[in-house]
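Next come two complexes, and both contain subunit A; in the first it sits with subunit B, in the second with subunit C.
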Partner chain A sequence: MAIDIQTWVNVSAFSGAGIAMGLGAIGAAVAEGNTAASANYAVSRNPSASGEIFKSMLVGQAIAESAAIFALVVAMVLMFSPFPSDSLLWVFVMLAAGISMGFGAIGAAIGSGFPAAAACEGMARQPEMSGPLATNMLIGSAVCQTPAIFALVTSFILMFKDYTGLPLAPTWAAILGAGISTGLSTIGSGVGGGLIARESCLGMARQPLTATTLTNTMLLGQAVTQTPAIYGLLISFMLIFSSSPETAALTPAMALLGAGICMGLGASGPALGIGITGQSAVKAISRNLTAASDITRVMLIGMAVSESTGIYAMVISLCLIFVV
Partner chain B sequence: MESIKETQKKYCSRALFTAIVLFFVFYLCKLIPVGKGLLLGTIFSVINFVLIGFGLPMKMGKTRKNVFFLSLGSIFIRFLLLAIPIVAAIKLKQFNLVAVVAGLFSVQLVLLSDHLFNLILSKRQKQL
Partner chain C sequence: MAIEGADIVKAAACLGASISMGLGALGPGIGEGMVAAKACEAIGKNPSEAGLLTRTMLVGQAVTESTGIYSLVVALLLLFVV
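== the complex of A and B ==
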């Protein structure tokens, strides 16, 4: 049975859609489940605050599933948009778009569930802080969505870029590497940012006087947590927009694919490490506000050291793209 | 659950009002597919938000594992619904895809802007 390019592109588009939505739904479901579980605990602790807790749960879940809606959009575009069938390159484009969005939605969704869950617990502990807690939770959750936006942007660029005249080899590897780089690198950033936002909500409930400092430290920590995802995005753009000469050899293709895998995996760990550092710093500030400046300094140094491994991964990726 | 209904009413009505105003603005600018797309996306965003609230009581008093599977089921059902405007925008030229996607996030945007507005307002009041 002979299968033409159009059939392969369709098969790949459907597979990419499945990957995008399947993985995207997992993260959102974990986040919603986590929020609801914390709301259960919070209501049992303080039934009189159940109204505010339910409200927080509703709002938190609505924000947490934004990343999954991004995945849905990509899945629908993959399934129902007409794509060219002039080159087998499109097979890899469809898969890469799905991989980028699918993995990209996991971390953001799980991460944004953490502050929503913590806000529910915080409201049970300190009902009079419901307003500031809800605002802090929303800001924290919204920042957690940034890596998913990176993944969405990468997926859209992959799907709508003009590939006319580009050789199948090694471009297929660059495209697949781009999807993997953004997709995997965003997981740690989403979860790490969520950990910081979670502790910020818990800290506000524990010590309401520290609210402003905690929100500022949370935003600072979350900004640093996003940097490994930015490295992933950068490598993706380099892979998408750099053109390599046509070759039948497998080595250049594997170097480009390796660059994407290296950056994707290499960025996840540092982002998570930065998130853990930020989480502990926020917790420490909520316990001792007077030491806030020292704690922030230690946090930033710790984050810089955690980040270094992500920089090593980026250097290796750049070598694989431009030197090998 | 009365507070949930009030919250839904507050944010859904704001999202719909904003979408209708923007629809007329785009209509006057002769960007009708953008206005229609935004309105369509917002309607489905509102339905999704109402359905989240509808499913909340089912998640209470359950174990973490059960809540996970309930959430997964709820997401699949609601996302099947959210797929309708996206498919319509891809298939029909009457709706702009980007506007539909933006409309799907209208409730979330209203939630965020409302809280940020209150935060800025309270900070200014403290300064005064």
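== the complex of A and C ==
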């Protein structure tokens, strides 16, 4: 029995949709549960602020949900779009799009849940800070969503790029590598950014006078947290838009696939580490505002050193793409 | 199509290099972040010792970095020497 290309493309599109939505649902569910748990705790602590707490719980959960909605959109597109079946490359495109969005939604959603939970607890502690806390939570959660948006962008570019004339080998490996690179590299950035935003909301509730400094430090820390995800996106784009000559050899394919795996895995650790640093820096500033400049300086030095292994991973990825 | 032995070996070296550097970057990244986190907290509690704390942080991070550098060396060896 001969199975034609169309059948294989359908098989991988449906598998990709499953991967995208299955993995994409993990983070949002964890984050929303976490937020609701904190909201319950906050209402029990200060029932008179329950209106504000309830509102911020719902808003926070909605932001965390958006990563899962991105995954749903990608899954729907994979299931219902008529994709061409002129090449077996489409099999790998579908899988890569699913992997990118599925993994990409985990970190962003978990991260967005942290500031929402902290804002609920903060409102119970300092009801008069509800407005600034809600604003800070929204900014912090929105930055946490950027890795999910990177993943969405990568998925859409993968699905709607024109692959005519590209050789099956080694392009299949570049496509799969691109999906893995963006997907895995966003996990750390999302969670790390969330850790910083959580501490900034908690600190703001503890010491309302430090609010402006805390928001600024949070944004600075979150910006550095995003850099590993940007490396992952960069390697993805290089893999998607590079064109390699046709070859039957295994080495070029494994080099391109390896570039994606290396950057994807290598970006998560530094991003998480940077997030942990930023979290403690924000906590320290909320307790001792006078030392803010010293703490910010040390935070940036420490983050730069944490970043180094991510840069090593990027160097190895670039060697794999361009040298080997 | 016959796949030659040398090709398989080189392909495995590429994949090995990527796994080595990818996984090897995870630990040091998180560990160095923890070092810097405690340094920030300590400076918040005792700002007058900021210089000493920064120095200690950098020494600690340099030691933590070593396994990341081992991974880098192994990856480069796999890519260009073996």
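One rule holds in what follows: the second predicted complex is superposed on the first by the 324 of 324 C-alpha atoms of A that agree within 3 Å, B and C clash if a C-alpha of one lies under 4 Å from a C-alpha of the other, contacts with A are read in each partner's own complex, and residues count from 1 in each chain.
Keep this in mind: a residue touches a chain if its C-beta (ideal position, glycine included) is under 8 Å from a C-beta of that chain, and two chains touch if they have at least 3 such contacts.
This is a predicted model, so every value here is computed, not measured.
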More subunit A residues in contact [subunit B versus subunit C]: C
Which of subunit B and subunit C A:42 touches, first, second, both or neither: neither
Touched partner set for A:21, first subunit B, second subunit C, both or neither: first
First (subunit B), second (subunit C), both or neither touched by A:52: first
Subunit B versus subunit C as contact partner of A:308, first or second or both or neither: second
Contacts of A:63 with subunit B and subunit C, given as first, second, both or neither: first
Touched partner set for A:298, first subunit B, second subunit C, both or neither: second
Intersection of subunit A interface sets (partners subunit B, subunit C): none
Contact set on subunit C toward subunit A in their complex: 1, 3, 7-8, 10-12, 14-15, 17-19, 21-41, 43-45, 47, 50, 53-54, 57-58, 61, 65, 68-69, 71-72, 75-76, 79
Subunit C partner contacts - residues on subunit A that touch it in the complex: 188, 248-251, 253-255, 257-277, 279-281, 283-285, 287-288, 290-291, 294-295, 298-299, 301-303, 305-310, 312-313, 315-317, 319-320, 323-324
Interfacial residue positions of subunit A with respect to subunit B in the complex: 21, 25-26, 28-30, 32-34, 36-37, 39-40, 43, 51-52, 54-55, 57-59, 61-63, 65-66, 68-69, 72-73, 76-77, 80-81, 131, 134-135, 138-139, 142
Subunit B - residues contacting subunit A, complex: 1-4, 7-8, 49, 52-53, 56, 59-62, 64, 67-68, 70-72, 74-76, 79, 82-83, 86-87, 90-91, 97, 101, 104-105, 107-108, 111-112, 115-116, 118-119
